[in-house]
Amino acid sequence: MTYVALTILGPLAAMVAILLIRRAAPALALIGVGVALIGAITTLVNVAGGARYAATLPGLPEFPLRLIATPLTAVLSTVIAVVGAFVMLYAIGYMEEEGGKVRFFVQMSFFVAAMETLVLAGDWVLLLAAWEMIGLASYMLIGFWYEEEGIGEAATRAFLYTRTADLGLYVGIFILVSQAGTTEISDTLEVGGTAAFAASLLILLAAAGKSAQTPLQGWLQDAMAGPTPVSALLHSATLVAAGAILLIRAFPLFPPGTLLVVGALGGVTAVVAGVMAVADRDLKRLLAASTSSQYGFMLLALGVGSPVAALAHLTAHAAMKSSLFLGSGVFQHARGSTDFSKLSGIGRERPFVFAGFTVAGLALAGVPPLAGFWSKDAVIAATFESPYAWLFSPLALFGTALTGIYVARTLRLLWKGEKQDEPVAGMAWMGAGMSGLVALAIILGFALEPLAGLVGGGLPRDLLTVVLGAAVAISGLALGWFVPADSLLGPVRASAEKGFRIGGGFEQFVARPALAVARVTDAFDGGIHRGVLTVGHAGLAVARASRITDEKGIDGLIFALVRGTRNLGRRARRLQTGLVHKELLLAVTGGVLILTFLAVRTLVL
Amino acid sequence: MATLIVALIVGAILFGVGLYGSLSQTNLVMIMMGVELILAGAMVNLVAFWRFLHPEAYSGQMFVLIVMTVMALEMAVGFGVGTARFRYKGSVEMEEARDLKG
Amino acid sequence: MLPLVSLTLFLPLLGAALLVALPGASPRGAHAVGIVVSGLTLIGAAGMWVRGAGAGFTQVEEVSWIPSLGAAYRVGVDGISLSLVLLTVVLFFVSFVFSANVTERARSYVALFLLLETASLGVFVALDAILFYVFFEVTLVAMYFIIADWGHEGRQRAALTFFLYTLLGSLPLLLAILGLYLGSEPRTFDMRAFIESPPLAGLAAMLAFIAMFVTFAVKTPIFPVHTWLPAAHVEAPTAGSVILAGVMLKLGTYGLIRFALQMTPDAFRAAAPFVAALAVFTALYGAFVALGQTDLKRLIAYTSVNHMGYVVLGVAVAAAATDSGIRALALDGAVLQMVSHGVVTGALFLLVGMLQDRTHTREMGEMGGLLRIMPGLGWLFILAAFASLGLPGLAHFPAEFQIFLGTLRVYPVAVVAVLGIVITAGLYLRAIQISFLGKPSERWLKMPDLDRREVLTIAPIAALVVLIGVAPFLLLDVIHRATEAIGL
Amino acid sequence: MNMGQMGQDLALLAPVLAVLLTAVGALSFEMLHLPKVSLPFAVIGLLVATGIAAPLIGTETTVFEGTYRVDDLSVWAVILLMPTTALTAVLACLEVRNTDREGTVYSLLVFAALGALVLAGAGDVMFLVLGVLLSSLATFALVAYPRDDRATEAAMKYFVFGSVTGAVMIFGLTYWFGITGSTLLSELSELGSAPPAAAFGFVAVLIGLGYKASFVPFHFWAPDSYDGGPVSVAAFLSIVPKVGAIFALVQVVRVLPAEATAWPLVVAVLAAITMTYGNLAALVQDNVVRLLAYSSIAQSGYFLLGVVAIGQSEFALRSLILFAGAYAAMNLGAFTIVLYVGRDLRSFTGFGRTNPAAGVAMVIFLISLVGIPPLAGFVGKFLLFGAAIDAGFTWLAVIAILNSVLSLGVYLRVVVPMYGQPKEVVATSRIVVAVWSITFFFTLAIGVAAQVLLGRIS
Amino acid sequence: MLQTIFVGLFGIAAIWFGVVVFTTSSMVRSALALLFSQAAVGAMFLAMQTEFLGVLQIMMMGTEMSIMAIFMVMYMMDPGGLMGMDMTHQKRISQVAGVLGALVVVGIVFLVGWGSIAGSVPPDQQVHGLGIELMERSMLIFETAGITILTAMIATIAVALERRQ
């Protein structure tokens, strides 16, 4: 149990230590995450040996907090610790010349600790707590350069988007807990019936928000405003991953109806986000869209009933995507931007980084025998086993193709162009961090099977899909590479004015519709975004209206009452004429009235 | 019985006349006269009640004495107040006493 | 045994008397008296905490007062009141430290605050209905003068509004108390007797409940009788706002539990759907109005409306719940929410006060980029704001979790109140973004960060915000023992 | 009636006789041209009377064959009203010192107080008549005492109002005699046989006592008289005769058959009107004396809450007596401060800052009048509300509550400017400080130590 | 029967002079009318066999009304007091009030069943009875009346005398 606790306490202690000591922040953070890594690996080893841990902590009355180490949580915890450790290593270099180190490493350590808590949580309260804290950590990290224009807004939007979706988790948990009478996750998952359906849909809402699934993906691209290590962590192992992790953990709960929704949502996202990635002109934004797309795959896997495949893809994706981000961070440092127009030729300039980037990219595209190939293949295979194969398999394959296209396109854009040598500080640390992750992206594929075995259940696999998957991926890559960036991007602007002047039927039939879809989805996204903004504005309007109600309505009423009373007082005062005969008459009238009253009363009774 | 009723009606009418006087007169002294008439009505009532209904209860007669006292004393103090007023204002008209109001 | 409750209760009053008896006291001396006395009170309350609370009322101290009416001086605590007592003494202590720079008629200022402290504590520890009412009203008088004499520009009017509203509100309670008294057999004002066997039934109970509800609704406050709150907050001096939001609003919800829930349970149960609906509406309404504010202090004031709406929701749910587990759950949440709101809003008002001392404005639009200039203040504000928007690990989360969970089990529809947490998130993030993020304007560049007094003020509260969030069981254990025992 | 019985009766009347002797004594010193002695004599005499009354607490008997009652009401009237009279005499000293007939004023105050005692213990309708007359006659003169334009106008109106209403009361009372054949109040239970006459008599009594206690609409003389005469006399008028008249009303209604006259309902309605009118009219006054006059009218309405509950609630008598004490303390205190500061509301601006102690005292008096705990006014009103509810008049209690809020508005009009920017410093006087200190003490003490009083009222 | 007629006649006289008090336009005449009215009331007492009170009434009112006439003349600054003038206000409504008041009382007189009529009491017995009443039951009342008279004297003097100094 100590080791389990270490995974959380390590980064947490580092955070406190940094806050107190306020120097040597990188080292402390690294030590913290290192401790977490040791804890996670030890736990994994122990769990693989058959050990199970559960710890109960005091929480709310009747609802204690729990930490559990099962194969699933141990694996996830390890993934996070590993990615966290490498990213932290990288960050040391990345942050070498930036200010606010203390803040950065405190928040990073906190981020890791929160994420570890999320995966190890054995009860809903702790899970929810961790879930929200991840939101906080990402808010702070996205807003790291808060003085710059637009950063604050991006951070705010990221937090609000996810928190709105979190309502689903809140209500879902309330439903589960009130049905099961306990907050222990494993017990609540046995709830069936309508409650399970409602709760699972609500949980899906929360997960979709966090994992940036269509149509809630808008915030993710804005969230690129933060430092690159943050993006790396965010996309691979923490914030965005949390959604998928939640679904994987809650999988037993999901009735078939929900699963269908999950799968459809994942499939659609895989395609839509993939198309968006193809259209993007900014490296980090492209990677962000790609993240949504990849998480779509995971949801797809879940939807077809294979959480193991989802887990495998999650793990593989963590390594691949973080490598890509780390690479892009180096490029960003070199050129001061992530816009493709500014990044041309960077591949030649930094061959080692580019090599790592390429490997990770190819892995992502699903080129054998890299990690992505195995995991994506498992997903595709799973779709074929599903009764809804007719729906899910094409989506999976199309998504795979799109992945190939945008990876190849990216590589091409980065490779072509002029070199311009600029020194990058902290290259050693960054290189170390990145190379570790790239290595994982290469070899992890072979570890996936035993991992799946540990969690319980093998990866789905058959020859047809292996071939099909690899073929689709490679053709996608080819397409992305050989169709030049200019002509691929040209139609976006030109199509409106001149129409396509690209030779070859392929572009006529694939690229143009794809771009059209891209534009539509872009517009749709913008629409969603505007919609969200409109809701926000509407909220503000309601707010303003209710404020006016308050100030004019209720207060006005009260002041009117006061004025009315005073007028009444003035009128009452006028009775006091100072003329005795009139006053006496009033007195006599009073007496007569009483008598009349009594007389009437006697008559009535 | 008839005598009692007649006396009581006389008392009632004296009351009415006195009330009218108290309400309608502008002069302090005239108002006092109205009061005297009301009290006279009260005395008529008392004597009639005593004589025709409760001759054993001498408190009725006693009450008449008290009413007489009241008449006299109110008159005395009324004139005292009136004199004071007259001395500083030159009249005891109620219509002229309207500084205090509201 | 030492009459600890009474000692704690009257220590501040003694301090006030001491100040009145020392006409020549300098501002420094007066503040020293205030800090020392409230510190001693804090120790006293800590002693009460150590002695602990059981299922019913413990540490009861009783002295006959008006035996011919069945009224006596009766004080004592249970888990609910004990936690609120603790909140009260902490906030007062902090307020005294914060106010140490008030020089204008410091002696009266400190004396009034000490009076207010006794009155507030009295409301929580009173076990006699008359005593309760006495303390309830005295808080009003003290607060009126604090606002009217040391407030900001529109203080007279705000103080008046506050006073009129809450007095108007408190009088129905008097009727209800009378009703309870007249219904009790033998006649007594002992709140324990009222709780033990609710004296009223049927229509009488309902009328009494309505009267009590009006009173506590104004104090809490609940829509539509909440409009005194922003006015009073905006004009009150900072320490006044802290006490107003942190302690005095709790008098309303505490009363709602102690009186309405425990003394007219059946009537409350019958009315619970309406109360719950009103509470949900209040919570959402408060959040929306807060979103519409540009004045930072008003914004926080309105979030109080939101948070107190949750408390009332929790109490209503507890009233309606037929299962004792759910009742305890909802009540736990409501009580914890009171304490959380006390510390969190206390912290926020303190921070805004510090901000206002520097910038002389509360308009968010005029600030901007302050995080760079005052990182200490800024980060603490962010911490408090996130606590207020219900972030786990900070004070509000456990309470709101319990309230919502309880609500779902009794009134599933009312769970829409959960929307409030998004709106509050939005408004706080907006406030942070406008005031603290971005580039600072030239005017603010010279402003100092927190000084020693301010750090001493805010640090303990911030620590509490985190502590309650991380280890709510410290409080909940005690609260739960009391709520568990509330059988309706 | 044998001599033994008479001696015993006179012993029971000792406090009243002491008051009488005090009045005569004060007058004698005036006649001897020793006005300086007159005041202390009056004060000491009144206190002695109070002291003599103390052992009688709890007595429940009548003297002179039922014509005068020595019971809670009359004994407490001595204990509460005589010290009040003494304090007003001390205050009056400030206003009439070195005028030509200074001693007469003290003597008249005591005589008027005697009238209030006669009312409070009335067991016979003739005592009602004489009590009203005695306290009226003396106070006519007191109001007119300054003999300037305002004072004589006030006194003249007071006189007219008083004499007419008094005459109407007497006329109505004759019918009670006609039915019962007795002037004793204890025989009023026989009125049930003739409801019209009973009702007529009751209305007449309401008019007569209502004038003295200033119930609406029989109150019109009050604001003018308070305003026209000396402030100390206003303070006296607002307390002593008023309480006397209210106690007399209690003596009447405690035996009055409710079926024939529906008196509880009538009194309740009267209470509601009185409270509301008084507070409304007070709300717009700029003259503090008039403001307090209207407020005292409203307070009479509160007293009626207790009257309504007579015979219905065990709290009725207690609440009335306790509230009488509370009212005496706080109202006298407020008038004292007004005497000190001035009649104009504007002269209160900043008073709380220039005279912090007196300012606090004034605030305490006023919020006690509102009924805020733990002050005397609160306990009194609380009991009154309780009595009314106990008697089944919850609606009346609700109206009373609403009126409390209204009255808050009234008093805050004084309190709020008190903490504004001061204009001038008001000179202090030791007598004033002494008087308000004493009333301040009682305003607090009756609130906090209500048991001391309550425990002694059976 | 005879008694009824006498009572009625004197009653009518009392009322008649009462009305004259407010209809005549001279103060002195008003005072005289009131005197006659009160005397008629006294006569009614005599007619109702209440001799002591009747005589007392006539005597007292005689003096009282003369005093009143003197003051009247003084206040009106009209040496003769015979000058005619209107001294009324709200006449109409006062009339209504007066008539209504009288009607109400008359109504009560008729509504109440007064019970049996008692026989008359001889004058000497009356005086005796009144004396007993005065010295026993009503002694305190009587004394109080005395004190009230004293007070009235003090009050009147205090107010009416001119200020010294």
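Each chain carries a letter (A, B, C, D and E) given by its place in the written order, and its residues are counted from 1.
Here is the rule we use: contacts are C-beta pairs under 8 Å (C-beta built on N, C-alpha and C of every residue); 3 or more make two chains touch, one makes a residue touch a chain.
From a predicted model like this one, the values you see are computed outputs, not experimental measurements.
When every chain is reduced to the mean of its C-alpha atoms, the one closest to the centre of the whole protein set is C. Chain centres computed from CA atoms place E at the largest separation from subunit C. No other two chains have as many C-beta pairs in contact as B-E.
Ranked by how far their CA centres sit from the centre of subunit B, the chains are topped by A.
For the pair subunit A and subunit E, the distance between C-alpha centroids works out to 103 Å. Computed centre separation for the pair subunit B/subunit D is 26 angstrom, with centres defined by C-alpha atoms.
Separating the CA-averaged centres of subunit D and subunit E is a span of 31 Å. With centres taken as mean Cα positions, subunit D sits 77 Å from subunit A. Shared interface positions of subunit D, i.e. residues touching 2 or more other chains, are given as 124, 126, 130, 133, 137, 140-141, 144, 147, 155-157, 160, 164, 168, 175, 178, 196, 200, 223-224, 285, 409.
Shared contact sites, meaning residues of subunit E that touch two or more other chains, fall at 89-90, 93-94, 97, 100-101, 104-105, 114, 137-138, 141, 145, 148, 152, 155-159.
Shown for subunit B are the residues in touch with two or more other chains, namely 11, 15, 18-19, 22-26, 28, 32, 34, 48, 50, 53-54, 56, 59, 62, 66, 73, 77, 80-82, 84, 87, 92, 94-95, 97, 99-102.
In this structure, the chains touch in the following pairs: A-B, A-C, A-D, A-E, B-D, B-E, C-D, D-E. Looking at the complex, you find that subunit A touches subunit B at residues 573-574, 576-581, 584-585, 588.
The touching residues of subunit B, when paired with subunit A in their complex, are 19, 22-26, 94-95, 97-102.
Listed in rising order, the residues of subunit A touching subunit E in the complex are 581-582, 585, 588, 592, 595. Of all the residues in subunit E, the ones that touch subunit A in their complex are 89-90, 93-94, 97, 100-101, 104.
Across the complex, subunit A meets subunit C through its residues 58-62, 125, 128-133, 135-136, 139, 143, 146-147, 149, 151-153, 155-156, 159-160, 163-164, 167, 170-171, 174-175, 177-178, 536, 539-540, 542-547, 550-551, 554-555, 558.
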